[in-house]
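Paired with chain B in one complex and with chain C in the other, chain A is shared by the two complexes that follow.
Right, the complex of A and B next:
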């Protein structure tokens, strides 16, 4: 076991990228593979500064394809490994992520979204939702946490390592350039001190004993000769994924019981949505707030209940309907009015959301 | 519920606006208050207007960006234009007299306008390098977001290693901080 990185509870003031590096250390991550890209560079920078002090490792690869595949290799060797990327780096990484998905590998990646398509901006967006949730040539058998503040960035970065190794699906922490670059206070801690257990790791390859005699053979495939063979394997994977959905999915909601308009947002935008909801409630307007924390799997049942109660929903996101598409799928058949408020690549202020809600409700 | 004080500081790259915002955020945090600081950043390595967004309050801060600021500090002519969008009827607008915009270029609706001779004062009385610390003093005076003692502590945390090598620098920085407060104090009374 790794030595303690953080002694006691510690109040700190740092950037989100720094938070991720500390969380990975605290979670006992043994190695990071990565390639620099804004706005996640500082995850690597802090990791490379901190890792040697705690006997952890780092490998800089030649690109994100390679960073993804080396993470796959690290995981197969039984290491608590992770990577971090953004934008076009996330695009390149979809191939190794698909492989991790095919082989049920506990691949962990922190995605710090920037604007797209292509190089786009290096600043901010929520445009990597579809890619992170459903990218690559597969079925999107992945778990995606969308964080809204630095405390969550720390908590869920730790949790991602547990989730990935517990369920053996690629697991992501989806943040954005604002979260990566801004500074705000949070409490960092050693997960063990709070009784948070992180699933043990084990090697996939090179295990002792004779396969088929001393232990079941390891069968980690991403290549199949016949259609039916692939189909059969995927049936099990899909069944497993669906069976954990209720257990894994998380959400946050506020004032949704008697709401006549439900504001739905995720990630950093949810901060503005929540502020707007609080302010409108104080003014006596029946507005509610719902935020999926897991974008995959979505918290479908509570979402459906909240939306049906309200009858109208305002979907706010810094993308052109990426969360929107996921919600529509989860809500298929519901009769609530779906009102989009999309600003691809641009942030939201609480004032804008308040103004839109007022237009709709009065 | 008390609202956080929202601050925008903008200047040319190299004027040190990000450092000022960061030190102020740090000072607010050290006071036990809630603070959120975010720089603007783009693909440029240098050149262009640098803008810092800062919020300090007593409750956890919401959205990192905001529509209108309580105080906007513009330190160059280009920064004046760049920050108009954050100026509203409740905003105190501080600009450096060297960046003096034409009357027609001034924000139409503003609570108060405070022109201060920051660049000139730093150059003549102190040292051009402490210009941003002088601006930090100006922001403190105009907003009261942190007290002078905590501002000095935050400076110490950031520049302590340099002060140790050359104690005169500490004095220079403290004077810049106090001078910035005085400059704003003078125009606030005059206005």
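Right, the complex of A and C next:
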């Protein structure tokens, strides 16, 4: 582990992108590969200013294909490497991510969502959920944390490095430009000071000794002669992924024990959902709140229990049912009423969610 | 003397005979590379990356750490490894489609950034593994599956001049050459120089290797050789194009 970046606990007021850069430094990230795209640029801007002071590296690549594949190379060299992207960059990055997924590489990426293809809208949406969770030509064997505030951006950006190297699945912090660009108070800290251990790294290539003499060569491939060969490899990966699902999945819930309507949201939208729930509860309405923190793997069991208790769920998201589809799969067979509240590419206020809840309850 | 020439020490005996077609030039190019790795004594710190296409068949060719990547993406993977651990000797091995078409932006930018890696590109004038389609290196009039009446330069341009382009965009210190599988000793020398260029931190190194593909050329042994020795040099000039200043003499 490199020298301490943050001495003691520090209360700060920062943009989310700055928070991510500090978190990566504090987590001991050694190299970032990146390509400019709004709204994640400031992650690179802060990283390039801070990194040389702590002997960390940066490479600006020619595109996001390259940013992803150089990150793959950095990881295989045994370094805590990461990248950050958004929107069309996330689309291009699905190819290197599919390599990382197939080879079980601890690839870490911060996805700061924006809206639509091309330049679309550059600041906000929740339209990159399906792509981040299930993109590329693979089976979606990835871990995706969806953060809701700056403290979580810091906490989960650190955690992503541990999770990736511990389980060897590509790991993502999924946020959005609202989170990336706005300032918010939070506490930053050195993970070690809080007893947070981050898994050690290990090189895939360039281990000590001569291959074929002192050790077998590392031969990493994505080419298989027959379908069964790929099938066998995937069986192991799927088994591993399923076995860690309970351990890895996280959620937040509130007032869900006696709720008659459960509001389900993720990311920054969950903040409005939570505020709405609190306000409605004060008014005596039996509304509950459930937020998956991991979109992959989903916290299926607690989700199912909360939904079954309430009998009705309002799914709120800034996309046309991307979270909704994931929830439906996790809840298959449940009899609860599924009520969508979708505004693709647009945010929510607590008042809007409160109004919709009142319509449904009264 | 029925004795066969010894395999390079860096070759992996367990994966021989190799997986390439009879008459394919990859085996010769990889022999030259294996000999160069042996001569420089870098087997323990070499990382070999291979692309999609026939080059992927080299994924278990060497007793060297190897990463078989995605089509056109071997260059950035090797750049990523090298940037993360500059002590490693990184070789990106690809075909003409991988280097000059789908991965051209990576090759151009790695060369422009003067990344300290070695790229080796096999030019057999077409996409071989997918069944013989036109590549950027296909010669005018050459018949392929996607130019069944011969490549028409009016419609699809002239053969890519890869090393000449790379030589133009790299700074002094870089090494650029075009070799051929018909001249093994010269090719090995080029490989040694390219790898030394990387080891000494001088800059990007690049070798295009003219190679054979009787399977898709639909040629017999004699025709294969004349295609390589007579037709290809009409468009692809063999020799060292850019050498670090202190390297002294050029091609013998």
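One rule holds in what follows: the second predicted complex is superposed on the first by the 349 of 362 C-alpha atoms of A that agree within 3 Å, B and C clash if a C-alpha of one lies under 4 Å from a C-alpha of the other, contacts with A are read in each partner's own complex, and residues count from 1 in each chain.
Basically, a residue touches a chain if its C-beta (ideal position, glycine included) is under 8 Å from a C-beta of that chain, and two chains touch if they have at least 3 such contacts.
Bear in mind that the values here come from a model prediction, so they are computed numbers and not experimental data.
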Superposition on chain A - do chain B and chain C clash or fit: fit
Partner chain in contact with A:268 - chain B first, chain C second, else both or neither: first
First (chain B), second (chain C), both or neither touched by A:39: first
First, second, both or neither for A:123, with chain B first and chain C second: first
Which partner, chain B or chain C, touches more chain A residues: C
Partner chain in contact with A:182 - chain B first, chain C second, else both or neither: first
Which superposed partner A:76 touches (first chain B, second chain C, both, neither): second
Which superposed partner A:284 touches (first chain B, second chain C, both, neither): neither
Touching partner for A:210 - first (chain B), second (chain C), both, neither: second
Overlay on shared chain A, then closest C-alpha pair between chain B and chain C (Å): 26
Doubly contacted chain A residues - partners chain C and chain B: none
List of chain A residues in touch with chain B within their complex: 13, 38-39, 121-123, 149, 178, 181-185, 268, 271-272, 274-275, 347-352
Chain B residues within the chain A interface of the complex: 22, 25-26, 29, 34-43, 60-68
Footprint of chain A on chain C - complex, ascending: 10, 12, 43-45, 47, 56, 59-60, 62-70, 73, 76-85, 87-88, 105-106, 108-109
Sites on chain A touched by chain C in the complex: 30-31, 33, 57, 59, 61-63, 65-66, 69-79, 81, 95-96, 99, 203-207, 209-213, 217-223
